[in-house]
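In order of appearance the chains are A, B, C and D, and numbering begins at 1 in each one.
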Amino acid sequence: MSHNTFGHLFRVTTFGESHGPALGCVVDGCPPGLPLVAEDIQAELDRRRPGQSRFTTQRREPDAVRILSGVFEDERTGGQRTTGTPIALVIDNVDQRSKDYSDIRDSFRPGHADYTYDAKYGIRDYRGGGRSSARETAARVAAGAIARKVLPGIAIRGAVVQMGPHRVDRDRWDWDEVGRNPLFCPDPVAAAEWERYLDGIRKEGSSVGAVIEIVAEGAPAGWGAPVYAKLDADIAAAFMSINAVKGVEIGDGFATAALRGEENADEMRPGNGDSPVFLSNRAGGILGGISTGQPIVARFAVKPTSSILQSRRTVTRSGEAADIVTRGRHDPCVGIRAVPVGEAMMACVLADHYLRHRGQVGGGER
Amino acid sequence: MSHNTFGHLFRVTTFGESHGPALGCVVDGCPPGLPLVAEDIQAELDRRRPGQSRFTTQRREPDAVRILSGVFEDERTGGQRTTGTPIALVIDNVDQRSKDYSDIRDSFRPGHADYTYDAKYGIRDYRGGGRSSARETAARVAAGAIARKVLPGIAIRGAVVQMGPHRVDRDRWDWDEVGRNPLFCPDPVAAAEWERYLDGIRKEGSSVGAVIEIVAEGAPAGWGAPVYAKLDADIAAAFMSINAVKGVEIGDGFATAALRGEENADEMRPGNGDSPVFLSNRAGGILGGISTGQPIVARFAVKPTSSILQSRRTVTRSGEAADIVTRGRHDPCVGIRAVPVGEAMMACVLADHYLRHRGQVGGGER
Amino acid sequence: MSHNTFGHLFRVTTFGESHGPALGCVVDGCPPGLPLVAEDIQAELDRRRPGQSRFTTQRREPDAVRILSGVFEDERTGGQRTTGTPIALVIDNVDQRSKDYSDIRDSFRPGHADYTYDAKYGIRDYRGGGRSSARETAARVAAGAIARKVLPGIAIRGAVVQMGPHRVDRDRWDWDEVGRNPLFCPDPVAAAEWERYLDGIRKEGSSVGAVIEIVAEGAPAGWGAPVYAKLDADIAAAFMSINAVKGVEIGDGFATAALRGEENADEMRPGNGDSPVFLSNRAGGILGGISTGQPIVARFAVKPTSSILQSRRTVTRSGEAADIVTRGRHDPCVGIRAVPVGEAMMACVLADHYLRHRGQVGGGER
Amino acid sequence: MSHNTFGHLFRVTTFGESHGPALGCVVDGCPPGLPLVAEDIQAELDRRRPGQSRFTTQRREPDAVRILSGVFEDERTGGQRTTGTPIALVIDNVDQRSKDYSDIRDSFRPGHADYTYDAKYGIRDYRGGGRSSARETAARVAAGAIARKVLPGIAIRGAVVQMGPHRVDRDRWDWDEVGRNPLFCPDPVAAAEWERYLDGIRKEGSSVGAVIEIVAEGAPAGWGAPVYAKLDADIAAAFMSINAVKGVEIGDGFATAALRGEENADEMRPGNGDSPVFLSNRAGGILGGISTGQPIVARFAVKPTSSILQSRRTVTRSGEAADIVTRGRHDPCVGIRAVPVGEAMMACVLADHYLRHRGQVGGGER
């Protein structure tokens, strides 16, 4: 990862600010011949789109994506397919309300990147947070939709497993439930409780954090590489680059610190064919930075939305004390819409590692 | 990060296996004119070196480093200095005991990378874990010693804050204590308790995990960049690439998920000169991926050493069930020696971001 | 350079096909605070734009550029300025004539990339050459306009120095003349002769090659770096990546092979201030891959346009013999419009090396 | 290419100065399972080694290479093989004559990188040119020996085709002749004439340039990629990065500028199987940056050695006028030993593109 690009062979470059004309991305290195139409991407974008429930920002953005390049309607292969050249995607910003931005122009919102952008660049597009807005994640989701095409047979799903201090009961985990409630919660009981809880938070003008879990099933053993190309290191960077993320863990993560060796290491027994069966998956499907063939399990923690209706102490751009209240349209828990974003990042990382693995180790074909 | 290289302008490539002739690294992009002799690097290596207490592996490696290139004795500037060309460092492996490796050659040790390397490459140097051995981290520590030279005025320190289930009492935190006990523990009371605890673990032939905290003080506001060049994303990748690490967090990390917005966002008040004073540091010194000027605080979780004296179920390379006991010389808590490694990774990441910042924005001369 | 991206700190990613909806680029890593409006870019695009004389393709493309991100109207600094975030530029394709493409769909045009794209990807956008069209160079010119902003005080100019077998007389070299004739020729006598010559070529339905020289004046000594970051190596790659280029040389280039050491090496004498005066510039301003402070002089050879009205032998996609005539709108000498493209590539390479130099060594503020 | 590294999947990092303790490289990303012993590499190094005839420097360096990592003696696959981890190679410098370097310490040798290194870094290892010495190319040749292993069935050969003003007669081209004379000349008549010519140059204390041609046969169609991953762009950068190179061309190169379209574009006819037969190879085996399946033909021009026995005007480090004579051990034509270097660079570029192609397009295996 560097600049505004991530990935090595499956490479994604994103651009755009919250209130500029458009945002988007260029997906470069995609294998040729994959069926791809805008609707494939739109379906993923719609899962992240704001304004779909009272628990997300009321900004109305259709997030309609256009494909500018990299696909071709080919009668020989049938339908529109990727050509192997860069795929440029653009999403126009539509609902940039005209408003008075003088507050956030002159004062730094606590918890936001206002001060740090200013300290770095001396200039910033302060409207809606500019480049630091979570709106950038739409481009990731779009790229992730393409990455999924590169990974047939691999299911990548995510869920909110903790909202504020409240965790799901894993005995009630139901993947189908995730799509039924507006909180991406896999536990129907927790989902109902969380809705009430979050309504309270929202009405108080406050916000709350969350933990999201992403699971990828179907990846074979062997993806990833030593030492600075470890699959888990790339997942960690990918997740930590998402807005408001403050922690990442793989498998049992921080809990492993309290374990003893015999509790932690996943034992093996012969399985069907070449692959062993692991008797547990504390490793989260990754050992030595390389996939084991088990489900890849990773989590990330999202801090509470920093835009709240309560008055906060800050300083102005000219260095004077000030108080600031962040009015406007905000998610009471920005972690909710982070679920499709986390899935997209996992998909992009896996697509990249799949191609990198094939490059180095291949099938020996020439 | 990719392959066996990390960093963009301050770039480190490491090589070597646990039981090969040597390991080392090439540090490329180092600014010219920095005083550098082997002793500077050796001092850091000695902090990570095995065999210094009963709590680390008894393998006897002097870890003596040689500089092969990139420095020059220059009478004009005085003393030996970096020239701006790549600095190659080599550490010979000395204590590769001849032993019978047929156990680990034919069976996959649970929790280790044996199976995944085999699944990926079809061949592996099984002696001592080969490339997946934590011995590789010596090269990181060597590179980190150079990175520190690039960062005058920035103090980078680390400590073990949790061993097994036991945490330090932060009210007793004393940086000086870290160097006084063999566990890199900043709490003298905990240090004594942990020694007894770890003796028990060791005698049982077991192992335990740990959490390490790394703090960098003195970095100015403005390092890091949107979106895939975020300082925290690079720290996350750097830490997660360390052997046995399963989780990474910045500032309050996973704990922020349970907070409310008004608890989490660090307020500001006017400070001396241009910079504001932050009234707390839950952000760990990073907002929007860019440093705030506060101390940069990050932690990582290390799983318990997988090499234990207890019999574990596994499979052989040919797919048959087997039991395996990992005899030999091992750290009962591999997290201990991870402290200088974590410091080194933080130093390398910061050196890289310092140069990248200077490249794009200029100024910031140190 | 890799994929569809070049540059390390000043990084350009281009996308788009000849007959798709649009082409463009993302310029990432640009320093903040530079004044930039679309008109700055448009002025450079207009120099490359087709249809401006009878010597270039009659395709009518306004090549109107839109800036989607990375700039902000800031009352504090005055006017629209770069913010340090990625600058996305889009140019819509307007004049994609509907026509029958079955000829080039089914047969490979000699000298074009039709066969190689097909061999690689198994699918290609055959309309106008798709991604292999020289239309992609519009994105380079747009990026180059931004690069020039990064390089105040550096003049980057280009000219056609050979058309077919005819060379300019360097004694008549006049940079002002380059803008006065449609052939970017610096020699007014040659310009007139070449117009007649090229009219003949055009009427015969043939084409001809050219050599372009690019000169950058004002770059200080010290840009570039050993060994795989040499300034001349990056210029060579940048030029060779331009469509139809088959050769690149620096300074006296291939002619140096016939020289003796005492003829070739540029002698020095004391100059004003710190810098020496070179008594000649056979090196083209680069020694050891690093700029000397003299003008940087490079040339590239462009092969004749492969699209000609004469019947050529080829094969069809299904492997049968065929004859093909490439009708349509083509440049009789594609080298002419390569002049602004070469200038743009030189500007991008220099901007990148300026930032890279500043990153490693600091100072050099412009 | 950047810093001291080139390649993307097959990645080579070199280090070392002419008179430091050692030089070498790290080859990262090599596929696993390839048979590799030091002797394989030594054989290539011996072709480049100095002191083998009166036409190369009399410095006596055995150039003995040691493999520090990345290979393993595996009884299962038989013999020593690559493991997929980084392969570190070290060559000790042996014949660093103690001498008085005050001349080149204080004065800049014309045509050398002395001044530019000093201008960039403010410090340089002046002994034998330090990092800018052609001695660095030994590391390339070592890496190239590994690259050849990645490319079974591809023959990569080189020859000197022009020495000073004298060219070979291509009608007398005999690849076997290249190994029979000390000048890597494929024309036996020219070889004899060149020996006499070069003896004269040498006795006069002068030097002369050369043109080297590298041909790779056996690469399939489809390697390379649009637009900044073109195979010819990577070859151009690879060759231009070799010491003293001032020009690069592919196929007919600069000569194509004087051709007409119908002369230049290589026609096709049906061949055996899927591939067409090209009726000529002016393109040098590359169209649109992608290999055609024909032999890949490239050339580079090497300027005359700048170290000559004639007095040259220069300036001292403190800015005073001086005269300098470069005594010592030098090649009268540095282009001769550039032949194995050019071959090695071609091999590395092709190995990298082979893996990159396999990564993106693969054989569809999973």
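Rule of thumb we're sticking to: a residue touches a chain if its C-beta (ideal position, glycine included) is under 8 Å from a C-beta of that chain, and two chains touch if they have at least 3 such contacts.
Since this is a predicted model, take the numbers as computed values, not measurements.
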{"item": "Equivalent interface positions on subunit A and subunit B, same or different at half", "value": "same"}
{"item": "Chain pair with more C-beta contacts, C-D versus B-C", "value": "C-D"}
{"item": "Relative to subunit D, chain with the most remote C-alpha centre", "value": "A"}
{"item": "Between subunit B and subunit D, centroid-to-centroid distance (C-alpha), Å", "value": "38"}
{"item": "Chain centre separation in whole Å, for subunit D relative to subunit C (CA means)", "value": "26"}
{"item": "Separation of subunit B from subunit C, taking each centre as the mean of its C-alpha atoms, in whole Å", "value": "45"}
{"item": "Residues of subunit A touching at least two other chains", "value": "3-5, 8, 14, 29, 32, 84-85, 120-121, 131, 220, 225-226, 361"}
{"item": "Of subunit B, residues touching subunit A in the complex", "value": "1-6, 8, 14, 108-113, 115-117, 119-121, 131-132, 136, 162, 164-165, 201, 206-211, 220-230, 232-241, 243, 246-270, 274-276, 279, 283-284, 286-293, 301-308, 310, 312-315, 319-321, 335, 357, 361"}
{"item": "Contacting residues of subunit B [partner subunit D, same complex]", "value": "3-5, 11, 13-17, 20-24, 26, 28-29, 32-33, 66, 68-70, 72, 74, 76-77, 81, 83-88, 90, 120-125, 130-131"}
{"item": "Residue ranges of subunit C touching subunit B (in the complex, touch as defined)", "value": "8-9, 29-32, 84-85, 225-226, 355-356, 358-363, 365"}
